[in-house]
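One structure, as structure tokens, below. Some questions next.
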Amino acid sequence: MTDAIAGKAAAPAKRRVRRASSDRPWTFYVLAGFFAFYVIALYGPMISIYILSFQDVRGGLVFPMRGFSLHWFNELIMQTRTGDVSGSFRRSIYLAIAVTVITVVFSFMAGMAFRRRFRGDTIVFYLMIGSLVAPGLVLGIGIGLGFDMAGIPTNWFTSALGAQLSWTLPFGILIMFAVMSRLNGDWEEAARDLGASPAQTIRLVILPILAPGLIAVALFGFTLSYDEFARTLQTAGAQNTLPLEIWSMTLNVTSPALYALGTVSTVISFLIIGVSLGSIILLQRRNAARMNISE
Amino acid sequence: MKLNRNAVGWLNVSPLLAVMVPFFIVPIIVVFIASIMQTDGFGGMFWDPSLENYSYIFKSDLTYRLYFETVKFAVLTLVFSAFIGFWVAHFLVFHVRSKLLAMGLFLVCTVPFWTSNIIRMISWIPLLGKEGLINRALIAMGAIQEPLEFLLYSDFAVVVAYVHQLTIFMIVPIFNSMARIDKRVVEAAVDAGASKFDIMRYIIVPMSKSGIALGAIFVVSIVMGDFFVVKVMSGGGTASVVGAFYEDIGVLQYPSAAASAIILTILVMLMVAAILRIVDIRKEITQ
Amino acid sequence: MGTGNGDIELAGVTKSYDGETYAVDGINLKIPDGAYCCLLGPSGCGKSTILRMIAGHEDPTHGEILIGGEDVVGLDPVQRRTAMMFQSYALFPHLSVRDNIAFALRVRGLSKTERYGKADEMMEKVHLTEFANRLPSQLSGGQQQRVALARAAITEPRVLLLDEPLSALDEHLRIRMRAELSRMQRDLGITFIHVTHTQMEAIALADTVVVMDRGEIRQAGPAREVYASPNNRYVAEFIGGQNVLSGKVGDVNGSKATLAGPTFSNIEIPLLAGTPLHSGQSLDIAIRRDDIDLLRLGGNGVPPGSTGVEGAVTGVEYQGTFVKVMMDAAGEGEFVAYVPERRFFEDTLSVGDRVLAVWQIDHAHLLA
């Protein structure tokens, strides 16, 4: 009887002791391990091909590393066996910039529209979801055939632009939804109360407050376009974009030049993201500095 | 005096519609029209509307096999990416105490998204291949004598590549909805005597289901509409719905490709509609 | 800018969102220029809707809103020369205190030096100068409130509209900011309309208190009148400080009448010229809680000129300057006496004690 009571009393005490030595629950360590495994699986393969792209002429598609040189990058630029890599790079970047600008502006407008209910908003919403989930190649074929029927040649800056927007816009709008749920209607009313016109309210209040969200939409738009494949395949016309170029390489090229292309494309996307994020941080720093000076 | 609310709404979505109509509605109609036309056998089409292309597809055993394979990949990818995405987001939101660190780790998860999907896919080749790192390591450890063949150019490789590419589409929306859960609700549940499992069942899963649903929509629609990963990673051993009609296009069989495309589109829309029926995504994300 | 006449008249103002139910139902109200007016009522009574209609953020379904004698329905807030302070303050999170305050001048196209000059003057007035370059998120609740006030005041409005301005503050700060609001109103000399659901706030600040319920005005008048002589049971109960007794009028003879209810009988009630009473009619009366004396049973009984009810003490709450004694004398409603602290502790009552609650007959107040 007394033993049982003592046992019961001891149990919580023991637990407290264990807690004191580490106040993290055991689930933390399991999940931390899981997370680490995920990150390794996420980055490991990519890093391995970046490494393999620096082999010399004897290099193959698998480890071990054979020599160290920029041979395969040279090969890429010389375009001995590959297609028009630098041209497709340029086109992809121009296209991504156009898609980004249009996506940001149109998503912002649509996001503003969806803040209030209007007649038919549900139809527009489901239209947008439809466009998001429709198989890319199906839309690509439809656009290609449609342009064909209308007698307009498909081109990366016309049909492919539209095809990519049919995918980046719903994405951008979904992000705007999440961003705008934090936009308080009082701010607009306060601006109006203080005499701001609708245009001034947007320029001086809404846009600055939403700036981080709009940057997120821009980065998404850029990446989705720069990497778009299925919708572009049948709509890019005679000249390839970069993913199409990489695709044709994967089917034809079995040398580390493919990896070199992967390295270059990654470096370029990081450069673009880095420059845009960097300039934003710089702008914010300057604003902060200006405030400190006037203080 | 003031513009009507409906007019303002329509005005603001008009640029969106200016894209959606010519690049979503019209193409779908075009594909549908093509699907009821007939091929002249020389890459051209002629107008003789019938549902023959459809009945041909439904009669073919190949169709059912293709759909089975494609849906199988969609479901497998969905299960694995949702599992990984849920626990990664859970770890970041509920276990990492510093907000800054959680944000930093979240960014670590999203960085690969900014790189090419195709490159990320082929990057598995040096790892999974017959002479790849994993086989070499296993042989060196003495775990196996012969290299494992199923690692690359197999269904396994296809699922690995999909999960690698698409888990991010799960992590971001689940992270987003979990981050909005008030931590005090969890504390209140602990005070009320809820176990870890109860908290998961009654609080965290229900409150993050909009994120899971949104992620599921992305994953299902992308896998169902893809043919490239299957083509490369299965080594040609497995076909996919889209891959099949892409080959039809390659030989200019537009009408049968179009019929197949319409069936696939309807199937994807139905799958998405089923997800939307479970969770009212619009209400959840705009609240 | 001239001071402009900030007197406000609402004539038959109605607001309905769905055409069936009325958030605001036929309001008629006059507020003189330079008055401090509080709209008081529970949430959903339509007080904020009235404020927003005066501000021009919503249009009435019917009726006229006159400011300085001019119908302003359909005009922009700026044309009305009203300014609103939002419950959330709605400070622009990306702008410094100075830029928030100067916002109205910026959209009017004033140069940077001009608008900063005026903003700095205003910041001086509300003691914000040292915070000029802070962002709203770096300020305390009270400071944010001052910024909101300064931002609204810089437009030189003739009417300042305040939507629950103190609700986000803690008790201590609320009382300090109350005094601040009162001072601001005297300094600016303009009409303030202040929406609140807190009775004490309304009574402390307002020249005119407007008590509302379900889209209608239940009583409007000076604070003391509304507090001391409520017109009806709703106002008496909502403003508080009153005990309401319901019963039927007994005998009416000459200068005396009595009231009988379920838990009491023969309470004497005053007879007023102009309000004839009939034997048998239902009647509510109100007696201020601080007009009630508690006597132990078996003493001298009810003093002359007074009347009373008997009941048991159900609760005692110490309030500092007085003691709140709750009794079961009013049937289902609560019956409370505020006993001065010293007097209470001369003869401490405890729960369960039976006492006689008495008041002077003419202190009772007949409700419509």
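Going in written order, the chains are labelled A, B and C, and every chain counts its residues from 1.
Rule of thumb we're sticking to: a residue touches a chain if its C-beta (ideal position, glycine included) is under 8 Å from a C-beta of that chain, and two chains touch if they have at least 3 such contacts.
Remember, it's a predicted structure, so these values are computed and weren't measured experimentally.
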Of all other chains, the one whose Cα centre sits farthest from subunit C: B
Central chain of the complex, centres being mean CA coordinates: A
Rounded Å distance between subunit A and subunit C, as computed from the means of their C-alpha atoms: 54
CA centroid of subunit B to CA centroid of subunit C, Å: 58
Centre distance in Å when subunit A and subunit B are each reduced to the mean of their C-alpha atoms: 15
Residue numbers on subunit A that touch subunit C, as the complex places them: 184, 186-187, 189-197, 200, 204-205, 208-209, 211, 291-292, 294-295
In the complex with subunit B, residue positions of subunit A that touch it: 24-25, 27-28, 31-32, 34-35, 38-39, 41-46, 48-49, 52, 61-63, 102, 105-106, 109-110, 112-121, 124-125, 127-139, 141-143, 145-146, 149, 162-163, 165-166, 169, 173-174, 177-178, 180-181, 219, 223, 226-227, 229-230, 234, 242-243, 246-247, 250, 258-259, 261-262, 265-266, 269-270, 273
Residues on subunit C engaged by subunit A in the complex (per definition of touch): 55-57, 76-78, 82-84, 86-88, 90, 92-96, 103-104, 106-108, 132-133, 151-152, 155
Subunit A contact footprint on subunit B (complex, rising order): 5-6, 8-13, 15-17, 19-20, 22-31, 34, 84, 87-88, 90-92, 95, 105, 108-109, 112-120, 122-127, 129, 131-133, 136, 164, 167, 176, 196, 214, 217, 220-221, 224-228, 232, 242, 245-246, 249, 254, 257-258, 261-262, 264-265, 268-269, 272, 276, 282, 285-287
